[in-house]
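One chain, chain A, appears in both complexes that follow, with chain B as partner in the first and chain C in the second.
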Partner chain A sequence: MIRQFVVVIVTAFLVAGAAFAVAVDEKPLPDPVLEAQARSLMKEIRCLVCQNQSIEDSNADLARDLRAIVRERVALGDTPDNVRAYLVDRYGDWVLLKPPFNPSTYLLWASPLLALVALALLLFRRQQKNETRQAAMAPLSDSEKAELDKLLEGEQ
Partner chain B sequence: MINRFIPLIIVLGLFALFLARMNSGENPKELDSVLIGRAAPQFELASLQGGNPPLTTADLKIGKPVLVNFFASWCVPCRAEHESLMVLAGQYRVPIYGIAYKDSPDRSRAFLTELGNPFSKTGIDQNGRVAIDWGVTGVPETFLVDGDGIVRYRHWGPIVGDGLRKRLVPELEKLR
Partner chain C sequence: MAGEIGHFSLIWVLVAAAIGAVLPQIGAVKGDTRLMQLADRTAYVQFLMALAAFAALTYAFLVSDFSVSNVAANSHTLKPLLYKISGVWGNHEGSLLLWVLILTLFATLVSWRGAKLPLRFRARVLSVQSLLVFGFVSFILLTSNPFLRFDPAPFEGNGLNPLLQDPGLAFHPPMLYLGYVGLSVSFSFAIAALLEGEVTPLWARWVRPWTLLAWVFLTGGIALGSWWAYYELGWGGWWFWDPVENASFMPWLAATALLHSAIVVEKRDALKSWTVLLAIIAFSFSLLGTFLVRSGILTSVHAFAVDPERGVFILAFLAIVIGGSMALYAWRAPKMVPSGLFGIVSRESALVVNNIFLSTFAAVVLIGTLYPLFVEASGAGQITVGPPFFEYAAAVLMSPLVVALGIGPLLAWKRGKLPKAMQIVLPALVVALIAGLALVWSQSGGVVMTAFGLGLAVWLLTAVFAEIASRIKLWQSPGNAFGRLRKITRAQWGMSIAHAGLAVIILGVTVSEAFTDEQLLVMAPGDSTMVAGHTFTFDGVAPVAGPNYSAVRGFFTVAEGDDFVTTLLPEDRVYSNPVMNTTEAAIYPLFTGDLYAVIGEAAGGNRWSVRLYFKPMISALWAGALMMMIGGLLSLSDRRLRLGLPTGRKKIAVKESV
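Entry: the complex of A and B
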């Protein structure tokens, strides 16, 4: 009795899992390899309506249309680069969640490196300053040492 | 000595930057259209008015600037900008082509009967594919196309308030 119950529950969840994978009104491509290719592309394409979701995640109408286009192009034999180019041609580089490496994004891609270099320079300068400061400090003379000893003794 | 003021200078700099960006009047969600300076995409759409010839790319190359407006009867901002379109058609005498985006033709026709028809030609884009070719992200969007069929300006969102006289009309006048 309990075993039957468990089987029913587990089956229900397995079936439901498959249902979650695709929006209700969508037809995945019959070829699982092409469908996987289309899906991985969808994860890279920004939904132009919600703007911080991929079209794979988004419920927006436009995202659904773009998903259909991605599937259509993949089924027609377009390479992933062709599909990206098709969308960039209409919506610009911004449609790609990962910004491409081109003259307008050099600064963006280089910024972590620049920040690192700036930090290294800053640390280096600070280090040098400390060293010069220490060098400028003359060691204690004999009379100074004697006075210091006397002070420390007095404290005890 | 000057080191003491560096944090203050940074904070004031950021303050100035934020203030400038806040007052720039730009909408950060608005994307630049990649169509600007390029030929309008090829298309052919059946007219909303039965019997009229379809709206095609050829209608854009008529030797004078035209506007292409994507609208829908279900779109509330389209209703808000409709008056501006009427002014553009009537007062500024610019041909406006209306493309009904993902709308039932009956409802689009009812929308134009109710509010008036500023369009010299119309097209039905029921599956929204032509809109995607134009890089439309939502209705309304309006494109200004010069006499040679080159897209010169895109007005994102409704043409309301001073958007008409301060943004769209100056761009139109530049082409005349």
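Entry: the complex of A and C
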């Protein structure tokens, strides 16, 4: 009896919750400047249940809820940095599509340059080694060998 | 019955692969012709048996035989025919079977087209291919068997993920796999060359067409996937730097580098060991990509299953194939005859620059994809490496490449003259600068990247034309220019078209990113709004019933001024098996861009939230990819580059020992 009662209550809350979720419609903020600010923020926030999609780009329910939060914060007068901090507080750095620049990501941000230098050195050194090896050996190419053979044969 | 036939055939593939991997290799060492000839025969047996297994699974899907657990888990009687078929590879087990089928197909093609390859070399290539088949089929039979039975059979199946029920995605995996697996041929050729201890220009001539073929498929597969994402997945996004997209992009970058370095080997007998390494790396990226996705280490829509047993097998397989081939490389490569020389300013060094940038980018994409794992493992919390990082890397690494790309084809082999090449492309530079500057002036603020992107695209496009013009001496003697135009070989046209394709893609990316006009609003029937000079009028919604879904369809009339343009009918679908909500965008491509409408959810009072876009020049993305593919195919149809054994130039004597 008590259990049934609990079930009814919980169900009622779930239904009410669902209805409430529908009510959160995709209404842009009335002020176009704030809306633009909110939109550009949305592009930086990860949809937590998607694959590298921003909440701006996704139609998942969670993305919609996060959009509502972003709009709400912006409407309340939060600066973009404040909104980001608000979300990072709740979801961690994971929510930012752009990884923060800190000791754990220095290597990441430097990777294009590091890899470029490393590869260029590798190929350059290889070419140099080649040159010294070739200079030392001064081999004949197959065609040169063939020509040499022909010449030698011709003389004999 | 079909299940058992398939299972049995698959075991035959395993047996034939084991024989084909071992005996021809022994034959190659001992010089036993009969053992070496086994390589061809086992290749044919593997292909036929893999085909039988694949046909059996397809049959089980077609007749909805739910006693096969794979069918029960991934199909449904109400599914349209096309998706019953595409469901075969729309799951982990089936997609691996498709992979094996294509692997054996390529081995058969090598055997057939390479009939003129020296027997010993062919035997070694095919035995490497058989070894790969052996690994994959063991994986399937031990951990991911699609033919396992289910008793008692359920009356109805679970259905396929509705996102995958789409024509674009039905053909995306086979196309992509043809690309991934096609790179196995370059890999096998590289391993065979290491075993033989010799890389000749002739070797490059054999490898290049296969790489080119794989590259064309890979390009097509990636473009199809991106197109699908554009109209199905998000709201007009077409590339998210999702780990799975990266997994297909890395082999593409490596394959592109390989295509170019193989040219240097072929023409100049230089960069040999680097090219071999690149062939190994390109296929390793394919393997890594496939397995990263399949193992579920990286979460993704494409990850069908997470299973520790599979993970261990995958790690072991990767370690053996990649580690083994790298070890072989480290041991054998230094013993190869050194390469030819070339000057700093030459076509060769331009191609080296190409290789450095492409490989660096591939490495950075790999780092970015795996970095969150490292950070998490080091205990520094979870981070996301999203599009902003990859876009930064692309800007840093790809812009110099595009600039070099304009100059490279103009340089002479061995010793080119930069001033001479610069003279030819100078107009391109000027045009690009003007295009960029004009854009900065016409807009205000935040358009530097747009101007830069546009400048790069124009630079490349103009440079391609300048190259053709200088080839036919358009300015020096215009009279005979047309005659010379007809003498340009297909391979050269291929290059120009593919390079122009890249320019078109850059143009599409830049313009569509910068000038997309969008409206996000709540509309009631009768409302209208302006998007980029087009009036969108909302005429209301109607319910629609599909074969396995129900939908709400929105009606929009689009007009430009007073002229009717089109009606757009976006849908919001709810699939029944499994229950899932998808949005079907309505897209109408105009020459200048796409009209794009998405209907969202009801906002109460018969009002609906909608997203309306005008995406200028977005079609340039697919057009550019298509140009790249056409360029690749043209080049492939060139007489010198046909699959098989192009006859060597006289001076490269084909040694019997090769």
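Here are a few things to note about the model shown:
The definition used in the following text is that the second predicted complex is superposed on the first by the 113 of 156 C-alpha atoms of A that agree within 3 Å, B and C clash if a C-alpha of one lies under 4 Å from a C-alpha of the other, contacts with A are read in each partner's own complex, and residues count from 1 in each chain.
Everything below uses one rule, namely that a contact is a pair of C-beta atoms (placed from the backbone, for glycine too) under 8 Å apart; a residue touches a chain by one contact, two chains touch by 3 or more.
Only a predicted model underlies this, so the values are computations on that prediction, with no experimental measurement involved.
Taken together through their common chain A, the two structures put chain B and chain C in a clash.
Contacts of A:92 after superposition: both chain B and chain C are touched. Contacts of A:51 after superposition on the shared chain: both chain B and chain C are touched. By the touch criterion stated above, A:146 is placed in contact with chain C alone, chain B being left untouched. By the touch criterion stated above, A:100 is placed in contact with chain C alone, chain B being left untouched. Once the two complexes are overlaid on the shared chain, A:123 sits against chain C while remaining clear of chain B. Once chain A of one complex is fitted onto chain A of the other, the partner contacts of A:69 are limited to chain B, with no touch recorded for chain C.
When the shared chain is aligned, no partner comes close enough to touch A:41: not chain B, not chain C.
A count of residues in chain A touched by chain B and by chain C gives the higher number to C.
Superposed model on chain A: among 134-142, 314-322 or 620-628, the stretch of chain C in collision with chain B is 314-322, the rest showing no clash.
In the superposition on the C-alpha atoms of chain A, the part of chain A touched by chain B in one complex and by chain C in the other spans residues 51, 92, 94. Residue ranges of chain A in contact with chain C, taken from their complex: 22-23, 25-28, 44, 46, 51-54, 56-59, 92-100, 104-105, 108-109, 111-113, 115-116, 119-120, 123, 126-127, 130-131, 133-134, 137, 139, 141-143, 146.
Those residues of chain C that touch chain A in the shared complex are 233-237, 240-244, 269-270, 273-274, 299-301, 337-339, 341, 352, 355-357, 359-361, 363-364, 367-368, 371, 375, 378, 380-389, 392-393, 396-397, 520-522, 583, 598, 600-604, 609, 651-653. Only residues 48-49, 51, 61-62, 65-66, 69, 88-92, 94 of chain A touch chain B when the two sit together in their complex.
Of all the residues in chain B, the ones that touch chain A in their complex are 29, 31-34, 102, 127-129, 132-135, 137-138.
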